[in-house]
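Heads up, the next two complexes both have chain A, just with different partners, chain B and then chain C.
What follows is the complex of A and B.
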């Protein structure tokens, strides 16, 4: 199909060069420059100038087992949240793509409503649900599944549960977009070729949905790395994540140098992941051509 | 008598109050090329989808080699299918697409590779193994889809308007490919199309669908020379209809009168006739004779309204004295056309056996 499109554009007269839209973006660029790039650069600069010029902040960050544990926590929680969101989100996106439009729009409304509800309110709600005397523990005890309440809050389990819930829409929406574009006739063809439902899923549907999965997973992972409110409320002080550490350096300890260094490390990791995704998406496009 | 290879028995499919297919009965011989021909919404695709297992019939049964297919899910039916839309797996190469049905059957790699080569040779796409579907034309993609559908040697191949997205020239080219492949593989093919020319070119037999039922099943010449319903007469070949009155009927033939009171005898009759009842007389443009009126008029009197040159034949449009339009097709250079002009008075005659009366 795309070859036909290419053929028709090739035979069409040369398209006039699109007028550059640069001047219309100048105000926005200036805004971003002034209020984002400059302050971030200033913060990062302070990471190598305070208290003295050098890499002492980075040495301190990477050399301490306490800080290292926070890095590990952050990456571990982000990875687990990403994997669980994908696992739960894929069937939901698939169901949304094939269900009748009216039902799908009801479910979309629920998804969006939960996204638009205040983050603090939602996180406090999880605290209520997850605490020792909360609904979940009471139900499990009532059903006779456990004797003692499970520790679901003030630890990384609580953080993972709360963050997975918050990240789900960010994985479902891009996945839904990709799955919607898959022609159901392709899956019918797979079935007549002899593929069981499982084989159709693994050999056809998942590979075709891969770009959406990659985009959603990267979004969730990167957002999770820098998430502050939910880890702070559900994780307790003993289970810090990176964003909390940065906040503590800047707010409590007024150590801009260490805060800047931690922020730079986070930024570097995020950019590296973005580069991987760009590379990956580029390969995908080449493959599809 | 041996049992037919495929038996479709009283298939009915209703979506709530809407009936898509009504009481379809069909028997297909092994190796036959049978086409479902009909306009969109006539139930031909629904019948095919029931065979594929994508739809369950409301009533009826399907027997393949004497075994009912209905309780067997699509992926175990071992039926091949080529779809109207392009359904190659876009993330797999051409070779991997053809290998797909063999790999899900867990055949050894050497066997898969040999079969992929054989199939590429069959559809004349050797050397295209590593291409992606998106790098190929629509016609090439449908040939790969055909190769994929035949790779596991299915006893039955379903084709759902596979050429409707292609332009006319390419369509004809691939029609001959399909015919060759049918003869070469001897696979039984059920083919769905709304294009009568395609149906006539490809099929051993044609089932004409109309409003969810099969109007008539037969070879192309049978349907053309002896249509059982007015719908079939209109769908296969060109035809014009004149209003007429049935005077008497017997033995499948009727005596009718046209508007001018002239009686025509022994015309093949279809439908239930009552003496004096209204009916329609079907005429084929290529079976009519045309002559200028000189003295006694021996046929239907008409006036020439247009003459069109169509290459190997000439199309003469006429209007009868009752106001009906009747076309006549004559070979190029036919003597009746020499000097013929618009507005000339002509008489149209025909053999009784070439016309049909529908009630």
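What follows is the complex of A and C.
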């Protein structure tokens, strides 16, 4: 609320400062406050009050090899998904930036359509495609490449494929924005100076695209950390992720103390990464000026 | 903190408000089972009493806790698992049932407590897609025998009566010596097939796994096999040592329409309503008079007739140990 006061002083006629625009965000802030911050804080509070006041839930969570394994696994899956998304997404973003506008808009439409399709429907579709008797295994067997169906679902492979697919647009879109701003003349200049295509890519294009890569990668990584539906449906219990553990505590075991503790740990990591992202974004803006 | 949750609950109320005073809400697990409950119980109840029954779901024990604590209970009758009912009653989460409205004299006493009555009861059976394998496993020991029956097998994912019992029976424990459960022995047995288990988290998924032969056999709810067979899959059921467990009907503490809830439960557990439900789902009625109202062919396929080698999961034991078993179960799964 103090920010509201500050905003109104800022727009006082005495010293016409740039309006902060903060007041226009008040409805949204109030909404988030009431329906997100307050309930979340209430749950987090339970992590130190249930069953008794103290840090016992955190001790239990961090002291157990099982839960630590779930933490490690969550980071591992998120990292793998981020690296693969980046590797596949970069060429797409580049191609989109240099291809004729009409073709690019078709590709964008495909990307966005996939984003707008119901997440559950998409995940079930992957289940059908990846299972032992699914399309992919049938094709590979039909082509004589394998004798036995590959285990593509209910394991880490399934989670990685499903999540990478969902995360791709989130890495392609920021990358496209950055790559498009790169002046093609710079690449021509590199070529004129005798750079091979590989050298132009590694020493010119990649460094210039780095802010976009960092922003996209962080976004994908952070989103992956808290992902629930895809790991729950395409993964097995042996590579459970943190969000599944939280759901288990809250819904099945009805142990909100532990659920709150796990949620707080996830929140802390996410906020820390968000702080990193802000720094990158800040640098990028400075570069623009 | 209360207020915080209350505000969230009020918000939930605001968004679901086409509730009139005479309405009530029934919550179950969705899918074909809830469709059957709506047809056999809710629609008939509305026709008789004029009280509209709104359907909600799926059942979520976290939500029940949130509503009861925030004193904003929007669910009037909830279909829950029997072991949860026994535990939640003791924990003060449920209303005592009014047995002057609900006639319990005809109800299977195994599933009646002060706070709950049976909803329907089911068996964990050994289901198999006979077209996908050379031979179908017949016993729990077969299901744990990866040499004779290689390939993936599917089991219920959540910590609940059924899988631990199956592991102990497969390991040779006599049915009357199951309780108290020897968890060390059960997990040791489960370890032997852990790499070959695909977990199912909902009934529809168990059917999908069997039908697609992703996991051609496993421990499933008997009603799902009935439905799978009707859909044209060569689904075979082995009733050997089938393990029964029941769903229960409960009224969360502080439910807004308590009176209507009691009347609803009275109708839902009546002989005819239970018979209709059993016919539609393949699950057994909890009313002992219902069998008379069904044709002999249907009755034969229900769990209450498969008593030759039947094993009853001990809901009281589970209620007392639900938390401890749950923690160990999920930790074992994640290892």
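Just so it is clear, the second predicted complex is superposed on the first by the 260 of 289 C-alpha atoms of A that agree within 3 Å, B and C clash if a C-alpha of one lies under 4 Å from a C-alpha of the other, contacts with A are read in each partner's own complex, and residues count from 1 in each chain.
The rule is short, and it goes like this: contacts are C-beta pairs under 8 Å (C-beta built on N, C-alpha and C of every residue); 3 or more make two chains touch, one makes a residue touch a chain.
Model, not experiment: these values are computed from the prediction.
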(Q) Contacts for A:141 in the overlay, against chain B (first) and chain C (second): which applies, first, second, both or neither? (A) neither
Q: Examine A:201 and indicate which partner it touches, taking first as chain B and second as chain C; both and neither are also allowed.
A: neither
**Q.** Touch count on chain A, higher of chain B and chain C
**A.** C
**Q.** chain B versus chain C as contact partner of A:132, first or second or both or neither
**A.** second
Q: Could you tell me if A:115 is touching chain B, chain C, both of them or neither one (first, second, both, neither)?
A: neither
Q: Applying the touch criterion given at the start, work out whether A:79 contacts chain B, chain C, both or neither, answering first, second, both or neither.
A: neither
Q | First, second, both or neither for A:42, with chain B first and chain C second | A | second
Q: For A:236, decide between first (touching chain B), second (touching chain C), both and neither.
A: second
Q | Those residues of chain A which chain B touches in one complex and chain C touches in the other | A | none
Q) Inside the complex, what are the residues of chain B that reach chain A? A) 52-54, 73-81, 83-87, 89-91, 100-101, 104-105, 132, 134-138, 145, 148-149, 152
Q | In the complex, chain A residues that touch chain C | A | 34-35, 38-39, 41-42, 45-46, 49, 64, 66-67, 69-70, 127-128, 131-134, 153-154, 232, 236-238, 240, 245, 248, 250-256
Q. Tell me, which parts of chain C touch chain A in their complex?
A. 1, 4-5, 7-8, 11, 60-62, 65, 152, 157-159, 194, 198-199, 201, 208, 212-214, 323, 326-327, 330-331, 333-335
(Q) Considering only the defined contacts, which chain A positions touch chain B in the complex? (A) 1-4, 183, 185-186, 188-197, 199, 203-204, 207-208, 210, 287-289
